[in-house]
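Each of the next two complexes has subunit A plus one other chain: subunit B in the first, subunit C in the second.
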Partner chain A sequence: MAAKFSVNDKVLVETKGSKYEGIVMPTLEGQEDVLIIKLASGYNLGIKLTKEVSVKHVGKAEKGKQPSIKPPFRKNLPSISIITTGGTITSKVDYSTGGVSPLIKPEEVFLATPELLDIVNIKKIVQPFAIWSEDMTSAEWQVIAKEVAKELNDPEVSGVMVTHGTDFLHYTASALSFILKGLNKPVAIVGGQRSSDRGSFDGGMNLICAAHYLKSNIAEVAVVMHGSTQDNFCYAIRGTNVRKMHTSRRDAFRPINELPLAKILPDGRIERMNKILNLRSDKGKVEADVKFEPKIALIKYFPGADPAILEYFMEKKYKGLIIEAAGLGQVSTNEKQKTVWTPTLKKLIKAGVFVGFTPQTIYGRIDPFVYSAGRILNEAGVCYLGNMLSETAYTKLGWVLAHSKNLEETKKLMLTNMAGELIEQILPKAFSD
Partner chain B sequence: MAAKFSVNDKVLVETKGSKYEGIVMPTLEGQEDVLIIKLASGYNLGIKLTKEVSVKHVGKAEKGKQPSIKPPFRKNLPSISIITTGGTITSKVDYSTGGVSPLIKPEEVFLATPELLDIVNIKKIVQPFAIWSEDMTSAEWQVIAKEVAKELNDPEVSGVMVTHGTDFLHYTASALSFILKGLNKPVAIVGGQRSSDRGSFDGGMNLICAAHYLKSNIAEVAVVMHGSTQDNFCYAIRGTNVRKMHTSRRDAFRPINELPLAKILPDGRIERMNKILNLRSDKGKVEADVKFEPKIALIKYFPGADPAILEYFMEKKYKGLIIEAAGLGQVSTNEKQKTVWTPTLKKLIKAGVFVGFTPQTIYGRIDPFVYSAGRILNEAGVCYLGNMLSETAYTKLGWVLAHSKNLEETKKLMLTNMAGELIEQILPKAFSD
Partner chain C sequence: MTDYQEIGLKSGIEIHQHLATHKLFCPCPSELRQNKPDFTVKRELRPLAGELGEIDPAAIFERKQRKYYIYEAYDDTTCLVELDEEPPHLINPEALHIALLIAKMLHCKFPDIVQVMRKTVVNGSNTSGFQRTALIGYGGFIETSFGKVGIQNIYLEEDAGRRTAETPESVTFRLDRLGIAEVEIATAPDCKTPEQVKELAEKLGMLLRSTGKVRRGIGTIRQDVNVSITGHPRVELKGVQELPHMPKIVDIEIERQQDVIKKGEKIEPQVRNVKEDLTSKFLRPMAGAARMYPETDLPLIFLDSNYISNIKLPESVESVKGKLQELGLSPDLVNQLASSAELPMFLAFTKKYPKLNANLVATTMLVTPKEVKRKLQLQEFELHEDIMDKVISALDEGTIVKESVSAIMEELAKSKQKDVDSIISKYKLMSDAELKKEIAKLQKEFKGPPDKLIGVAIGKFRGKANPQKIIELLKK
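Let's look at the complex of A and B:
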């Protein structure tokens, strides 16, 4: 199959559907069967040397030409659209600073994952912007949601993939869950913890599993990322109950308080794990109901926190606050302490500011009826958001405030399940032993 | 052994060392071998009917007298001291409101766990105050630390137990870890997720395991709580790397980024799980170095967060901020976004305010050298706190600011390992698969 070649040789690699020319790089330890070539574009491409791959020696290292990127169209495959928004999955190491910078051409990432083209046709790649996820605001969520809805409403499109920076990917996933109404096809949010020019690139399997997810009957916004540290499967996790729980691991994304929607193997097998699922249908149209109130904040309560911070938000005309409360939903109600929060909370709520509590513990459900402090806070008008993740409560509040006329309606909507964010029964196995 | 008795009978129960008189209550399903009696004080006491327990029928329900609480002294057992501070472990259901309220007499909780007296002698019970943990401030940490140091320096005392509300128990554990200098004996922080008058009271096993921990050679401040949902073992978890990760489960406390110090069985067996341990010694004295700067805050960064909040803290003369950053340690550095944080952060740091970043993901380690944003923030003077938990960084910052002369010294001290809070190597098994 493969010609003899060594580092720095210029080779032509042919796989089932594509040809790549590049310079042979050193292989990675333990992965000697993966040929890594540096393309003329500067990116590295890893190719597993299987029977279907042929490698021809064409010369020694020299300046080459960028290969053309023309994904083939295969009649028997469903089509998807891809919205790229930036992040590590579409980035490379900037060798001048040593840091990682965004790619300019989003399609270049797919060069590193040619298998994608054996699973789906890529009908369209849309790049509304390319930023890191920590730079996102609700304005970007609105743009992404509009693009996603537009593509979903194309009858030829089976589902839409959004590639995204991982850090705040879960915020975007929950925001899309509330903004997209009448969802009838799958939406996969995908990121990578390693850039595409590294041998340890994890985005490839995520893209492959996401493509399989988009062929499935699960019409939910899901984060599709590694389910373990091995490259053996991904989980599709509901966009409202997912959180990045590790700074750097491939399997950093975890479902909170429920099981993943499905386990997805790179070979396309999908094992459903959760009965609460919205299924694909060809009825209706997806609407991006993008109205969003950005004057909201997320506050973490801590011991000794001065309640004066609440007055700051009131003076600045914030419309609503999500407060990560202690334990089952407490902040200080002890009037002997200078830092008691109750009087200031009452003032805010009286002034019409929505105040919602979420669990600082991340897992579990808050409940105002266990401790006297909870009862006092509940009576003061604090809205107890049950199991809702702080991040999800934040994006939901932005959406709800833009769609409600008064505080009572806001509270009612916040406590109405819209996208699986309020869980009736938390299974014990949704928390690791 | 036991006389025949039924619900509402008045009985006299004798165990190895104690006598209790009370009214027989219905047994709990599946726990028919545990006799529950309501004491004259109103609290329920559960007694496992073993061979050593005798029950005498003395009449029918009527108003009885409160039994005297005199724990026996046993020469062959080591002694401990207990500091009770409030919380569910020393509370009971307030039947007027249905909520849980603190007990008045701390020793009453030990009536529900008479086994404790077979493990250690209780030399002293100190109750400096009784509050819920969400009402605590650094002032209470200082009081607790002084009491702990005083008891530890009693040569007859093997170790000190602190009973505490669970919600913010981990803050107090980390605060004590920094305040107590020259620690040469074990300190156990213990709470309960269910009040002591409930059949599901979990504090009993926690107290028992904590008593065993205080007999061990591990001279660390540790949280000793259920290691599973069963009543089969506890973990002793280092006070600086522990977090309440569930609102209500018995095993809510989890070690973050390292293994527990030890697994403790209720029968006294202790299995060490972590090599990084400070051991018991009879040298020196423990000092409570309680100076603490309370003008600090913990901020959670979120998408679209307005950097103006930073100026608020500067105007209010805050000395330092801990910011839970995205992913590997990012906030918005994108100058095209209105919500870019870099210029305001630079202003704060220039004005002498300490700014430390911690991982919002909870698990893992932040690192300024992976992304260009991290490099920019690092150059702006942000202090990257590695794996340090936000909660731990907050208590450490309060201690460090009270012990440092300038911003450079603060940064240096924050990056110096003091109580195991900076972990050199994070083991893969410290994150659940």
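Let's look at the complex of A and C:
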């Protein structure tokens, strides 16, 4: 058995009276006693490597040629830059891990979406790193923000596209919304829910619609992805009021508490849907103000939650907490309950830790004045963040803490609208299917 | 007459058979819907590089043809898996079991490990852009009267959506069929004559039905025929509807290949569609191996050799015949039933209704539907199992008489098997009191010779009363 062979070798396998010829395919880690070969029919078949199995090396498979792509330049088209960061949209099946992994060359994205080149010129593709979005931290947001600002400040560039994994895409979208100051051009953040190695790749239309968005006059950080389960249009959704609302659907990203900024058709038609818009201008420069305080946490309040968990954050010297509170903004204030939260929260706030509440319901705003619990907590110094999404509050808090001198200022900044995250007028249409 | 040996005929078939279980990678029922879809979804598909980095010629060909696809779906029998909005669930274990059973009946070998593959399909019939398929058996054989035919491979796969409409820009597919579990049996090109091809198809069909675990009815089985003669590569003929036509189709293809060779045209392996006149037209180039890559959303399936050796094969025909004789069936019905796919249903009914005459059950299941089909000149007529059960249950309870069965089935055929209960109740027997009253009335009104009264009464109350009872009442 266990003759020496490696991936892409042509082998002849003999076992229990059966003979197979095929090409060695990679196996997953921990499955070293398994040989997967690709037969001439294209099917893969697995063989358990026991003593009776003999594997003979008979040659090497020819590697398929990857067509090389150099984006052409067309004079009449505006130019954009693309920052690729990893994720499904720029990934394909990796046969060495069996999973989906980032593309080796970011240019490969055009193999799946050549139409992009009829809409815009691609001036530059920057790939600072290629990771899944759940691996991202504020350090990566800082890198992306710097790259985006650099490209936006190129006078030839009409807008910048950031391709990104979808899981935490909305965190990056809101972080960029706070970090990028003086935004005067559109920034589109784009992901895909199906990888580019399949015919049903959804990122294709997302990229196309994002390219159209970057030609528009809307100078906002927006997530541009499928607006329905069909391949008929995308929504551009404000980076601070967007959330991944489904694990797998194409139209997982939904605007929360407001309408999308615009509906974008793949043929280039753009329909504005929201009056609150920052518009394109050629004045000034975009600055990436990247200072960020990472010692912050996002916690969900749940029935019977033990307030002792909060002590941990105090011990570890956290500077601020965002707590997803129940309903209109409640946690237990009942002194008769062992799990009452008020004393511990007071202790935290007294120690200078910022405590902000956000709605656990996702939709709607919290309000401290409806129930007595709210009044007690407000009194105790909890900051009620209105409609602000927990994820947005989290990234905003990181930015604010790095830019304020004390708790009072932090509170004031958290309650100051910076990038559309605080919505005064919630329209009824913002909560419907 | 063609000398098939001289021209080097090599022919085999591929059979696709739906399995009687829910869909392969989701819990939706394997049900073809006739009513209007609840909603549609418009999508596009992109051509892609395969695992080995090449773009498949078949994929490019398809892409050039179309712009977009419309998928028809139902609120209650389509889930996110068919809509390509959710990863596949783990493989349906019942489907795997049936496929392994079929492979075992065909004397196949089994891989240690099965990997579900994605076969790129860019004609839009799969929302994902690929069909999930797995090699579960290989290297088997089946006997025919002309000799053994090799079984090259057996695959367990999901069926594609079914085409319901087409415009120059779009094709519409209904998602009811997408994901239905099917086995594909690919035989070796061992058939040396067209007649052998036909027998092979019949034998395989019979073997599949004898499992009692395959779906029946229109669209649940498909046969493709492969034909090649010396000097011409393999041609796959799709859409072979009726087995009796098979030899003719093969002969026509042989002539076509001879013609192409004579003219010196460029010869390529290809897929052709059989038309109504049994000639065929070019459909697409043969797909290459580049269109296959692993389904990374699913784990490897380790086949346990103990599990496979414990799979029980269906009983032999001889032992089945013995059992049927014991039930008191007529020799003719024994022969019909023993190799019939209705056998499991028949045995279930005789168990469920032990007091009912087995000959009546068999006649109701096998003979009457055929008569109705002939009388109404139907292409196909088969009662759904639950409807058959209602008819037989009514016979068992004595609410209808056997003389009514064919009339009931005729009405069911006309109503497309709807309104079952009201049709059956139309043929309900009169109660004893009602019958007494009606007979008294008839006796009073009847003016003809008294010896004709019995015949008239039986005719008048046909299907409404037991003839025996009528005679008794008249004698009183």
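Observations on the model:
Assume the second predicted complex is superposed on the first by the 363 of 433 C-alpha atoms of A that agree within 3 Å, B and C clash if a C-alpha of one lies under 4 Å from a C-alpha of the other, contacts with A are read in each partner's own complex, and residues count from 1 in each chain.
Note that contacts are C-beta pairs under 8 Å (C-beta built on N, C-alpha and C of every residue); 3 or more make two chains touch, one makes a residue touch a chain.
Not measured: the values here are computed from a predicted model.
Look at A:229: by the touch rule set out above, it reaches both subunit B and subunit C. When the two structures are aligned on the shared chain, A:373 is found in touch with subunit B, with no touch to subunit C. Touch criterion met: A:36 reaches subunit C, while subunit B stays clear of it. Legend: residue contacts after superposition of the two complexes on their common chain; A:200 is shown touching subunit C, with no touch to subunit B.
Touch criterion not met for A:217: it reaches neither subunit B nor subunit C. With both structures placed on the common chain, the touch criterion links A:249 to subunit B and to subunit C. Of the two partner chains placed by the overlay, only subunit B lies in contact with A:326; subunit C stays clear of it. In the superposed model, A:416 lies in contact with neither subunit B nor subunit C. In the superposition on chain A, no contact is made by A:281 with either subunit B or subunit C. Comparing subunit B with subunit C, more residues of subunit A are touched by B.
Overlaid on A, the two complexes show subunit B and subunit C touching the same residues of subunit A, namely 98-100, 229, 247-249. If you check the complex, the residues on subunit B that touch subunit A are 94, 97-101, 131-138, 165-168, 171-172, 228-229, 243-249, 251-252, 294, 297-306, 308-309, 312, 316, 324-334, 337-340, 359-367, 369-375, 390-391, 394, 428, 431-433. Residues 18, 25, 31, 34, 36, 38-48, 61, 63-66, 93, 95, 98-100, 111-113, 194, 196-201, 204-205, 229-232, 247-250 of subunit A touch subunit C in their complex.
Of all the residues in subunit C, the ones that touch subunit A in their complex are 41-54, 59, 68, 80, 83-87, 109, 111-115, 117-122, 126-130, 133-135, 139, 153, 155, 288-294, 296, 300, 302.
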